[in-house]
Amino acid sequence: MNSAIFSRSRLALWGGCLALAFALPLVLKSGFIISLLCQIGIMAVFSLSYNMLLGQTGLLSFGHAVYYGLGAFATMHLLNAIGKGGGPLTTALLPFVGGLAGLAAGIVLGYVTTRKAGTTFAMITLGIGEMVAACSLMFPGIFGGEGGVSGNRVVGKETLLGFTWGPQVEMYGLIVLWAFACTIAMFALTQTPLGRMANAVRDNPERAEFVGYDTERVRFLMVILSGFFAGVAGGLSALNYEIVTAETLNAHTSGVVLLIAFVGGIGFFYGPIIGAILVTVMQIVIGGMTHAWLLYFGLFFLFMVLVAPGGIASLIVVQRALWQAGLLGRMLPHYAATALPVLILLAGLVGLIELGYALLTGDAGVGAGDTATKVLGMQLQLGTPGPWLTALAVTGIGIVLTRWIGGRLRSEWNATLATLHGDKA
Amino acid sequence: MEFVVISLLNGITYGLLLFMLSSGLTLIFSMMGILNFAHASFYMLGAYFAYQISTLVGFWPGLLVAPLLVGAVGALVERYGLRRAHRFGHVAELLFTFGLAFVVEEVVHLIWGKVAVDYKIPDELDGTLFTLFDTAFPMYRGFMMLVSVGMLVALYALLTRTRIGLIIQAALTKPDMVEALGHNVPRIFMLVFGGGTALAGLAGVIGGNAFITEPGMAAAVGSIVFVIVVVGGLGSLGGAFIASLLIGCIQTFSVGLSISITDVFALIGVELLEGSQVARLTITQLAPVLPYLLMVAILIFRPRGLMGAREN
Amino acid sequence: MNVPAIRLQGLKKNFGASEIIRGVDLDIHRGERHAIIGPNGAGKSTLFHLISARLPITSGTIELKGEDVVGLKPFEINRKGLSRSFQITNIFHNLSVFENLRCAVLWSLGYRYSFWRRLAGLKDARLRAEAVMEDIGLTKRRDTPAGILSYAEQRALEIGITIASGADVILLDEPTAGMSNTETEEAVALIRRVTEGKTLVMVEHDMGVVFGLADRISVLVYGQIIATDAPAAIRCNAAVQEAYLGTSLHSGNDHE
């Protein structure tokens, strides 16, 4: 069976990824990188579960964090309840309980949300998400109020094959195992009757009804199953961070998972994984450099919506198609030529934003307003027009050059694509 | 009694403000098929613009200029953003407005900081309109009501009495037909989007100082406006109106009621177990959740909304 | 044979104040090929929408194989063995031809909402989908996304999806609309082949197709059936000649 899940090439790919995931901490021993990898693993599961809705069933949800958050709280409470009675094995299995909590939430909330599809579904999920978030503040006994609920993932004195999950690198191993299990399960789901009918419902709900399927039921089941995997991700986050706050289930978290899945590419199974890696790394790296990180991220997202709505994965797929057709070489010089003006434009924009940020808020606190700031070691006087004019000029030059060279890139791109499709036909 | 009357007046004021938002959202949705996720962001922009103008030249110029500025921003967003996203379908449009809401919030953080700004009610309107029993009804609430009602009358007249209004009404149901008749539908779209966002901006101008002007205001109001649109029925102006007033009143009343769930159940003769967390909650504490509970109830018992005609 | 495949009695449909279907009584026999013709706006497609529950009826009854089906959802009617095609192509655009057909057979093979079975392991689903694909002549296009097929290929796929489930009552809404003469001939042969032994109801404008395929013809004019009879009798029917258009019936003769 060539299309089996465990075909030889696919097994090799999965195996290679698993080996790489386990090898990474052996090479990169820094604690910072291992925490980063843990975060990526959790977000990958969470955003894959999100894409079961958006990419596979065509359901745009603004409240997916509810399942993630409830899974996290359930895991944390159980961890604390078991306390000394447990051991590393029970701890390792706890994310499954998180999954069950997400699944239960999916049954209750999905019953309401999946009565509608399309835009209405999006609005309802937003409302339901807000409702759960508001409820979480109402019951501090369960959700821990402002401080959240914390716990300790190391319980008892025993070990499991020498593991206690205490050190971050052991936790990383646990996350990798769970992430792989979930990824394989979610991929397998795309290859089942329900998974395929979810695609059918996404493409054409009316036709799906006329081949005998209740579209509401298909959506409902997909929400429940996706709630399970989101809950597992939440459970992993509870163990990883050893604290769960109400923020894990609010609109911000729901928004972030949407951004991750979209930027990665919702049309491809592995798209959200790319998104999770990219966004998490960007968040840590750029977020560490500037306070305006969220603004950059938002602008990047808008740029992706307008220019590459298929996400990073679609860009990769197109390049691979070009490469296989022997056309990539034709495009490479144009990519290189466009990179320079885009970099100039970016430098100008970043300069403007950073200057504005420094002037208006400053390091001294909100509204304080600095008169001087340091950029790349240069001492800049914000009160003088010099830095501003420079940034403005760089931006202007960037815009002109980008338009000029970008136009040539576009015509070459269209010509190359035409050749590509011509070859296929 | 006095609680009821004052709460009712406050509820209607708030409801009318909500309708200024939900009507714009409904017009844009009906016409362009776009659910403007960033609608409440324009409300926030209105408040911040008005605040900035009021610190420079005072409240009254801002009342006029801020909504126009917001409308201009809206028209630009439609022209250079949404129209482009439109090629990729409705999900791309919705995601674009979602990203926009994200960016607007960050820009507001950037320019005005993360805490509330001191956007004041103008001195001329800072006083008591009348006193009922022992409770004063502020003059500014009366002014809000006046502006909202004036705006509604103007909107109604525009939609029913003018040529452009008739075209917009026609385009609400049959955009292809209107285009076939030779009207420039893209320009009408830009106008409607600009108009709808200007309306949201005006709501921000008069709501920002009555309530609070802070970066979280968009998210707080935004989800309520969505609830209104779902409860009223997607695409129905009449439904949006009723739902706005309903939710305005629910929120105002529930904030003022300090009786607990146990008391409520006691009224109908049911004794709740003492001590559980749910039983001790008061209506006031429940206030933030009530609109959503209403939405869930509507979805279960009347899925197309109060006045909604079409399914999806 | 006693119980008709479809029985309509006093069927009415109003859109607001306007009556589109104004009291239709019609029996479709089991195993017959029945064509519904009539001028534009007579309500032919609406009639299909009522039978297949795409639109709710205003009054009257619809019986499918002797069973009252009024008020059922489209998918429930489909499960009772009635399948339909659409005038405007209604397929799963992002799925391949093979996947389109496989989706169409899953329910009838009893796989329901299963998320524990591998599609690739469902031999019966694959064989049935491949058989239909062969029938409609799209085997070469097996892995092509349905959205980029040619118009005629999409129409063929539309018919394929409709018949794939093995339903014994088939409704085809203008299966040859917009096709060239050659394409139409192929489509007629296809329809004849794939509806063998089934009950077929079709709405069609091409009189060549109608008189070539149908065992009986019903003429729908302004929401009412003015005649139901064998093709030869319909051709001679004075009321039909008068109410419908003699010309288009004659032009149908030329085709034959």
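Going in written order, the chains are labelled A, B and C, and every chain counts its residues from 1.
Quick note on the criterion: contacts are C-beta pairs under 8 Å (C-beta built on N, C-alpha and C of every residue); 3 or more make two chains touch, one makes a residue touch a chain.
What you see is a predicted model; the values in this text were computed from it and never measured.
Relative to chain B, the most remote chain by averaged C-alpha coordinates is C. Every chain gets a centre from its CA atoms, and the centre nearest the mean of all protein CA atoms is that of A.
With centres set at the average Cα position, the gap from chain A to chain B is 31 Å.
Rounded to whole angstrom units, the spacing between the C-alpha centres of chain A and chain C is 45. Chain B and chain C have Cα centroids separated by 47 Å. Those residues of chain B that touch chain A in the complex are listed here as 29, 35, 81, 84-85, 88, 90-92, 94-96, 98-100, 102-103, 106-107, 109-111, 113-115, 219, 223, 226-227, 229-230, 234, 277, 281, 285-286, 288-289, 291-293, 295-296, 299-300, 303, 312.
The touching residues of chain A, when paired with chain B in their complex, are 58, 60, 62, 112, 115-120, 122-124, 126-128, 130-131, 134-135, 137-139, 141-142, 251, 255, 258-259, 262, 292, 294-295, 297-299, 301-302, 305-306, 309, 353, 356-357, 360-361, 366-367. Those residues of chain C whose C-beta lies close enough to touch chain A in the complex are 52, 54, 73-75, 78-79, 83-84, 86, 90-95, 99, 102-104, 106-108, 111-122, 161, 164-165. In the complex of the two chains, the chain A residues touching chain C come out as 1, 3-5, 188-189, 191-197, 199-200, 202-204, 206-215, 217-218, 221, 225.
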